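I have a structure I would like to understand better, so I am pasting it below and will then ask my questions one at a time.
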């Protein structure tokens, strides 16, 4: 039963990726590419699709991991303030005129911010030799509010027009995607995904509670730390690839529990696949709907995502909260 | 103390009213306000150009031209000026613009019996008239008339020379980039769009639905602009736009090295517009 | 049979546990569980039953004393190796993720690289949940949920089960079924069980009970000797009445009805 569903999911994902290459502001016939169209498909659309898939995968998988680690089905990688921390450091970097790494400056400052916030949240969440889910959640929400406030402060007192425009990037923008950033993003996302898949059994056990985790032969503290690192790596890499894209981390695990089952060994790869396809679709819609203008993908994911999420809430067999 | 100050002010006002009655000329021209607050960079520039720099007592945080403007007391941003700061500077008049200041702010000032002047010009062809109106309100009609005439001469010179000599095939496709990452360009209804039209060329972004749209890169490749003009920003624009231009390398403008970096003079509907038009004309030649 | 009892599976030696020096939660606790023993752990709320089970399972580390499993210090086992020998079953089963029953039960195999002989189907069969194998755990009743977790514990196949109030919130029918199942395991597979419970009348049917008060052992041995009126009154701080029926059964209750 779930095998059929997973096959359908893979086919849909591949179809969306193909559509993203040949649909868009203008439809391109794949069997008669002109020179201009070749360039658009291979150096504009393809890297953009790859970035969308990578970011979506990272967010979907990070959501599945975090919901398990925090034992909270409403958790989203952004709830821990990782994205607002990334936005803040990116904005500070722009304000101070820091541009030493050229086009890598913004992604790099965002990545540093995301990593620092992960460490900070981890430090706040640490007590008696382990991470405590409730502490993590509270620290994350608190820091998130603080970073938002500082960001708003910067926005309201700054006369730097460049900052305001660059903040568009922070609200989820894939338009600058090109091949140069992809290898770096890929390394971190692959590392995070690898750890998550390797520790998927432990994640299942953590969902049952620390005592069962112990009884089933895992160290709850060690596993939670590993999975937290995996989640932070994926989220940070995703934020620095294309800014803050909401809802995928929250939504995908919920949909995929229905499609692939709640077992993390299936849920993590399914959430990754679903997240990748979903962001790809959202980006396709965002760049096609008001052509030649573009709508940031983060806005599209939220607009599609929220009604579907509300629909899911009505299905008691999927959600039991 | 406050009471005393208040009566002092009353005296001064009475004095001024008396003078204006005796001096027929100044009554006709309108009294030149001693304390002016400008709520927009374009207005600040225009006021300085009209020789009213010394009368300006407050400007926005964004007013950075000419140099002296930076030394004036600040009253906040354009969209969020501080009512407190404006009132405490005791202005005779506050000049607001319909293009960037909140309407409620102007209403609030009027309800507090603070005189305002609303600068309503938003497009290039409205500018000379706008300058004349401002000049009348500021009691510098002659200077304003002179500035407006200069502007009209520039506009007409381009209009006439181009309309007569050029045929449609010489028309170039132009893209004006405001910020490269994410890509923001000048769309329809902007001063930049007006100038590109004035110079009888085509702004490829004029089909967009927003004035400053976030633009699609693949659309630029499709539309193949002949000239790309990049405006001044807070970063080194050559460096900031290098990766964008790398991706647009197949576009005629980049291939033929028709990429032009200009100042910010066309970001503001003020006295530097003529200079900006010259810059554009240079890029498009 | 007596040889089996000679090798203690679990030994606690002068074990103490405390969060702060002034209040000891477990104090100077010494006891051992032999192979195939079924021990009932009885005591009032807050007497330290749960803490003792958590110490014995290694979830909590003792502040003093030593705990050995099959003759080796408990802490010296690798997590996975310990999980093959010892299973802990917490009091609260709080789960909000819709695992299927089969997935949940299969988690019992996590400590193993090579699965043991019993299968998930057999484990579900044993607790009577075979026809619910594909249901979501979140859609089951409280009793069914508990049985699903028991099936997982069965599949884990450890020789020592530490169960914290597994009968709580179960209908009498399932209480009897579960006790029967545990007794079968003990008899057929020589599994040792230490189980916290609070129903004195069920404790009466155990071979061995341990009465706890304030983190200390009040008495340990056969129920007839340990569950005397005096001892129970001391342990539960309430007056107790013991009735014997004509058929020879015993019933313990409060002398005052309400």
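Lettered A, B and C in written order, each chain numbered from 1.
One rule holds in what follows: a residue touches a chain if its C-beta (ideal position, glycine included) is under 8 Å from a C-beta of that chain, and two chains touch if they have at least 3 such contacts.
Fair warning: this is a prediction, and the values are worked out from it, not measured in the lab.
Distances between chain centres, each the mean of the C-alpha atoms, put B farthest from chain C.
The central chain here, found by comparing per-chain C-alpha centres with the mean of all protein C-alpha atoms, is A.
Chain B and chain C, compared by their mean Cα positions, are separated by 81 Å. With each centre defined as the average position of its C-alpha atoms, the distance from chain A to chain C rounds to 43 Å. We define each chain's centre as the mean of its Cα atoms; on that basis chain A and chain B are separated by 41 Å.
Within the complex formed with chain C, the chain A residues making contact are 67-68, 71, 73, 201, 204-205, 207-212, 214-219, 257, 261-263, 316-321.
Listed in rising order, the residues of chain A touching chain B in the complex are 24-26, 35-36, 39-40, 43-45, 97, 99, 102-103, 106, 156, 159-163, 165-166, 168-169, 173, 175-176, 178, 180, 287, 290-296.
Only residues 61-62, 77, 80, 178-179, 181-184, 205, 207-210, 213-219, 221-224, 233-236, 239-240, 242-244, 247, 250 of chain B touch chain A when the two sit together in their complex. Considering their complex, residues 54, 57-59, 79-84, 86-90, 92-100, 103-104, 107-108, 110-111, 136, 138-139, 149, 153, 156 of chain C touch chain A.
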